[in-house]
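A short worksheet on the structure shown next.
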Amino acid sequence: MVPIHYYLILSAVMFITGVVGVLTRRNAIIIFMCIELMLNSVNLTFVAFSAYLGNETGQMFVFFIMAVAAAEAAVGLAIVIALFRNRQTVNINDVNILRW
Amino acid sequence: MIPHVLNVVLFLPLIGAAAVMLARRSDSAARWTGVVFSLLTFVLSLELFFGYDANNPAMQFVEKVSWIPALNVSYHVGLDGISMLLVVLTTFITPIVLISSWSSITKNVPLYIAMMLILETAMIGVFSSLDIFLFYVFWEMILIPMYFIIGIWGGKNRIYATVKFFIYTMVGSLLMLIAIIWLGYYASTMPGGEFTTDITMLFDIAPTIPLGIQGWMFAAFALSFLIKVPAFPLHTWLPDAHVEAPTGGSVILAGVLLKMGTYGLIRFNLQLFPQASLEFASFLSVLGVVGIIYGALVSMVQKDVKKLVAYSSVSHMGFILLGLFGVTVTGLQGGLIQMVNHGLSTGALFLIVGMIYDRRHTRMIEEFGGLARQIPIFATFFMIVTLSSIGLPGLNGFVGEFLILLGSFQSDVLGSPWYVVFAASGVVFAAVYMLWMYQRVVFGVSRNPENEKLSDLSIREIGLLLPVVLFIVWIGVYPSTFLDKTESSVQRVVEKLEKVQRGEYLTTSVSEQ
Amino acid sequence: MSSELIVFLILAAVGVLSGILMITRPNPVNSALFLILNFMALAGLYITLHAQFVAIIQILVYAGAIMVLVLFVIMLLNLEDEEPLREQMSKRHYGSLLVALLALVLIVQVIGWNSGGTLETMREQSPHALRIGTVEHIGSVLFTEHVYPFELTSILLLAAIVGAIVMAKKRFP
Amino acid sequence: MHQYVGLIVLFPLIGLLINGLLGWKIKNEKVIGSIGSGAVGLSFALAVAIFIDMLGAAPEQRSHVVELFTWIAAGSFKVSAAYQVDQLSVLMTLVVTGVGFLIHVYSIGYMHGDRSFARFFTYLNLFIFAMLNLVLADNYVLMFLGWEGVGLCSYLLIGFWYQKKFEGVTITWTGDAGNKAFWVNRIGDFAFMLGMFLIFKEFGTLTFNEVMGQADTMAVGNSTVFWITLLLFIGATGKSAQIPLFIWLPDAMAGPTPVSALIHAATMVTAGVYMVARNSALYALAPDTMMVVAIVGAVTAIMAASIGIAQNDIKKVLAYSTVSQLGYMFLALGVGAFTAGIFHVMTHAFFKACLFLGSGSVIHAMHEEQDIRHMGGLKKVMPYTYWTFLISSFAIAGFPPLSGFFSKDEILWKSFADGSPILWFIGAAAALMTAFYMFRMVTLTFEGKPRWADDKHPHESPPSMTIPLIALAALAVVGGFVGVPAVLGGGNAIHQWLHPVFAQAEKTMALPEHHAHTTEYILMAISVAIGVTGWWVGRRMFLKDPNADERIAAKTGFLYRLLARKYFVDEAYDAAVVRPVVKTSDSFLFRFFDVRIIDGIVNGAGALAGWTSRTLRVIQTGVVQNYAALIVVGLVIVLGLIIL
């Protein structure tokens, strides 16, 4: 049998992979994809717990997370497009307007 | 009798402010609306003055509506002689301020008028609140319009002055807030007590606080008020604020806002914490005396007329502080009338400085000279107000200073004549700095050809100064009109403190019960 | 080693490797394709957890809809390759990497390698697992117990649609 | 009649309101002058009426208090606007309004053509108003109102020609001289106020009658009373230009000459004398203070007289002469001769006003020339001025039977009899100097050959100026007869008149009666001899050689310079008091303490907050990845805490 730890550790590894991607890449779209990866790793945790606890709430969460992810994808990519249109780049190092 | 006249006086300016913002399409419409509302407020406030029963030391015109039941906070306002006088002073000064800015404020006029009217409501609120929480709300509410008045219509260095003014005041008032909460909490620890901020109740409860804690409470309140007064050495915001503020702002600042500090000391410090007041009386009197001399000496060497007047305020307010903490009826009465006097004469001085600034766009003493020849009416008003400021008998300044010094000299609390000996030397210095300045500005011959082209005061400007001068003479010749109104209220304050001094007041801490 | 474990390990290896490859490819298209592979592996893992409906949705929504959208945007923008990761590694990157790995170690520490704490009771899947992953069960729960969040989700999606249109379209003159 | 006393004060008030508010519209000098003079004239007439009324009453029924309204009341403190009509105040009122009226009339001529004619009369009326409050007040506070009020008028009138320069130590403009007068007076007033506080603390009231009533039962030598009287006396030294506060009076000559005559010679400066006399009952309780008063008076008398010798400005000579004469008055008060002091106030008002007005007439004629070295020979050109001036000079020098002889002689006699021979000697020496410098001045101004520039055309002044001169000269002649001493067979009417006012003091002091007339005769003869000597020497020396000063200066060197430069008192005050205070205020209190220390702390607190924020701002790079990295760091920290 596969204990839940395996799933959790796998999830953690994938999550950290996503984190590393977010921290190191410059292409906004790739960062965006890394975030999707992080979300998915969390989904895995939910589903694993759902199965091991015999409780469907975890899967409900996954369902809603996916909805949110879809919405996020739509808005996020729209932002990327708007950004590219204004700045001709998706390199986030060039986008530091947060700095006042 | 007008029903609920205090409510009307309190909120009419606020309604006026709303009306001004609605009428903001035209500057002159806004000006007229503002003046009409402030004059109406003044007329209604006369009802407060004449309707006030001088023989009754209790609060009058009381209004009470529950506000935050959970904290026992209510909208509770009312006047005794002390606050009544200051409310009328406020309503008297505000129309003058609005009319004085008739031609000098051209930027964003409706907002300016509205700010002044909001300020008026807040000031009346401060003086009439009988609930510390409400008081605190009004107290902080002052900051907002004042912040904008200096920050938007001020001089070159206005942002620095505004921030300084704001932060100075905030530092004090936050400590006061803590003390207010503690007071409310203390009330709830009394047997059968509950959290309250109603001062009519706290007047009886607070004096039972053990002396050690009372000292801290006293300090927390006093710091806030001393900054506002401003007492030495917490005064440095004042010259900056005055120099940068527009004329109207300076007048209202000197005329009314500083009085909030001394009023707070009478209303809260002396009455809520009598034991601590007696403990701290000599310390605060020393601050007052140092302020008198220090303000005068520093004032003497100023090159900017407005700054000179600002430092003279420090000196004058020092007198009031001394009068309050001598804790005698005479001294307190003097302090009270001196608050009104200072409002009138220093207010008028700022008006006058503003008038000359409007004409010459400078306030440097060295730029003037020989003005008496070009603009004699101006020089005459300037002279009268100057003399009032230096305390010439027959004008208002003398009555206040004399009573303060006389009262403090007899004071058992201070117990030494030296306070008065040093304070009275301020009378000499006042003559030195004011008349020296007057000599350099008005007498001699002109040091700048621009002065030759000056035009004398307009009818509007004369109309502004005339009522002030009228009251300057009135108080100087027949102060009883005003002193009679406050006598019984002051007597009550002093009696309480005297009782405490004799040890008659029952001091019981919670733990003992 | 049970067959279940072998399947898990294979899928896990695919997931991890595709993830790592995804974050290291200079070309965004390649990254996107590896991410799709990763999602596939995840879908497989869902199957091993008896969550058939989620697995299918994963393929349909993620690998299908979202990733197609991403690829579409990548191609629309016609982006050039980023310079190889090796060349742009800076102190900050190493720092990030270090911190991230430290975080991983700590997370694993919290989970515990193979044993410990409340997880000790979860060495096997629940007997209910088989039942709760079905479309029938999910549907009934979703439309009864979780009907309010479900309806709210529609509002969220509507807002996202409007937001996406507003932001992505050309400015008004 | 006495109940109408309020009107005496009211008339000048009305006059000043009319001239002050409507003067710019009236413009006509005659009308303005008539209103101003008329107001004072009416007051004088009423004062005469009250005086006559009082003469008819029994001596013990001559004192009344007329209360108008409560002025200030707070707590246990209450003062009223109330006037005390008694022998002393009526006498002073007569002098103030009488001399004041003449000087008002004189001013119509003197100020002719001045652009601020109405302003001048407004101020003069204001002065009379204040002075009347001072002398008529029934309490210290109202007296203080007059006290400061006359100081204000003095200030306003000294700086009346505010565009004119005036030379003096640290003085450039006439306004500076006005300021100096006001400030020095304020120092005196400061002491006066403290005196009042002390009185209120001790007696619980500030009304003269009540204070004196309580003083009646007090023991001589009471230390509180000593401090009270000393403080009041310091107030008097300010107003009456005594050591150490006399420095303002010579500079007060910057004002128009009628002002010098009215305020700085005849009336205001005698306020200190009046005040001490008013409080005679208190002073009698403090022999130590009396001693101080006498010594200060004597020293002032001789010091000022010696300075007067070396002055060349006609008004400066008269100014120092005034200081010196005031010294005499205080000498009289100090030895307990209150009547003699008041007597001298009165006679001095006559002849000194006449002298000042005469000098004004001269200055007018000489086109604003005030240096007596550039005059001479004016005797023929302006006879009225000369003769009145000469008569008054004889009066001040103490030639019998002119007024100055009687009053001065009484002072010298009392200082010898009730004081000490030393005081008498100082007084006599000062009298010699007085006679000398007066006739030096008369000779240089009016006699000898003309020394003025050719473009000057002196002429006699108009009647509006000469008539007051003649009237005052006449008073200077006959004024003394009210005080002819008993040894000369006189009834000493003024002594009789004032006796009830000073009875309490005299009872307390219990001065011995002097029956031996021989000493008095001898002293009288000496003082006449002194006067004659001074006259003869002064006249001879300067008639022969108008530049005799230069010879003396060359011979005595530093001594002469010391006198000419007024003992360097102004310079010493400037260096010891004025400069250090201003300098400390500017460079230490303001520039260092206020700006550096207090504002330094305030701004420092602000700067600290700013610095902290600037430091923390470094992490706000604006790069999203950095924020994300920080989130991870936060995660690590939280996890670390969980594990630990």
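Note that the chains are named A, B, C and D in the order they appear, and that numbering of residues resets to 1 at the start of each chain.
The working rule: a contact is a pair of C-beta atoms (placed from the backbone, for glycine too) under 8 Å apart; a residue touches a chain by one contact, two chains touch by 3 or more.
From a predicted model like this one, the values you see are computed outputs, not experimental measurements.
A.B. asks: Among the other chains, which touch subunit C and subunit D together?
C.D. replies: A
A.B. asks: Would you mind checking which chain's mean C-alpha position lies nearest the centre of all protein C-alpha atoms?
C.D. replies: Chain nearest the centroid of all protein C-alpha atoms: B.
A.B. asks: Between A-D and B-D, flag the pair that has more C-beta pairs in contact.
C.D. replies: The greater number of contacts lies at B-D.
A.B. asks: List the centre-to-centre spacing of subunit A and subunit B in whole Å, with centres computed as mean CA coordinates.
C.D. replies: That pair's centroid distance is 62 Å.
A.B. asks: Indicate the whole-number Å distance between the mean C-alpha point of subunit A and the mean C-alpha point of subunit D.
C.D. replies: It comes to 95 Å between the two C-alpha centres.
A.B. asks: Averaged over CA atoms, how far is the centre of subunit B from the centre of subunit D? Could you give it in whole Å?
C.D. replies: Those two chain centres are 38 Å apart.
A.B. asks: How big is the gap, in whole Å, between where the Cα atoms of subunit A centre and where those of subunit C centre?
C.D. replies: 6
A.B. asks: Quick check on subunit C: which residues sit in contact with 2+ other chains?
C.D. replies: Only 96, 99-100, 103, 107 qualify.
A.B. asks: I need the residues of subunit A touching at least two other chains; which ones are they?
C.D. replies: Each of 19, 23-24 in subunit A touches at least two other chains.
A.B. asks: Check each residue of subunit B and list the ones that touch at least two other chains.
C.D. replies: Counting only residues that touch two or more other chains, subunit B contributes none.
A.B. asks: What chain pairs are in touch here?
C.D. replies: Going through each pair of chains, those in contact are A-C, A-D, B-D, C-D.
A.B. asks: Can you check the complex and tell me which residues of subunit D touch subunit A?
C.D. replies: 620-625, 627-629, 632
A.B. asks: Which residues of subunit A touch subunit C in their complex?
C.D. replies: Residue positions touching the partner: 1-10, 12-21, 23-27, 29-30, 32-34, 36-37, 40, 43-44, 47-48, 50-56, 59-60, 62-64, 66-75, 77-82, 84-85, 90.
A.B. asks: Considering the complex alone, what residue numbers of subunit D touch subunit C?
C.D. replies: 625-626, 629, 632-633, 635-636, 639-640, 642-643
A.B. asks: Which positions of subunit D touch subunit B when the two form their complex?
C.D. replies: Residues 69-77, 141, 144-145, 147-149, 152, 155, 159, 162-163, 172-176, 178-179, 182-183, 186-187, 189-190, 193-194, 196-198, 200-201, 581-582, 584-586, 589-590, 594, 598-599, 602, 606 of subunit D touch subunit B in their complex.
A.B. asks: Which stretch or stretches of subunit C touch subunit A in the complex?
C.D. replies: 2, 4-5, 8, 12, 15-16, 19-20, 22-23, 28, 31-32, 35, 38-39, 42, 45-46, 48-51, 53-54, 57-58, 61-62, 65-66, 69-70, 73-74, 76-77, 79, 82, 85, 88-89, 93, 96-97, 99-101, 103-104, 107-108, 111-115, 119, 122-129, 132-133, 137-138, 141-142, 146, 149, 153, 156-157, 159-161, 163-168, 170
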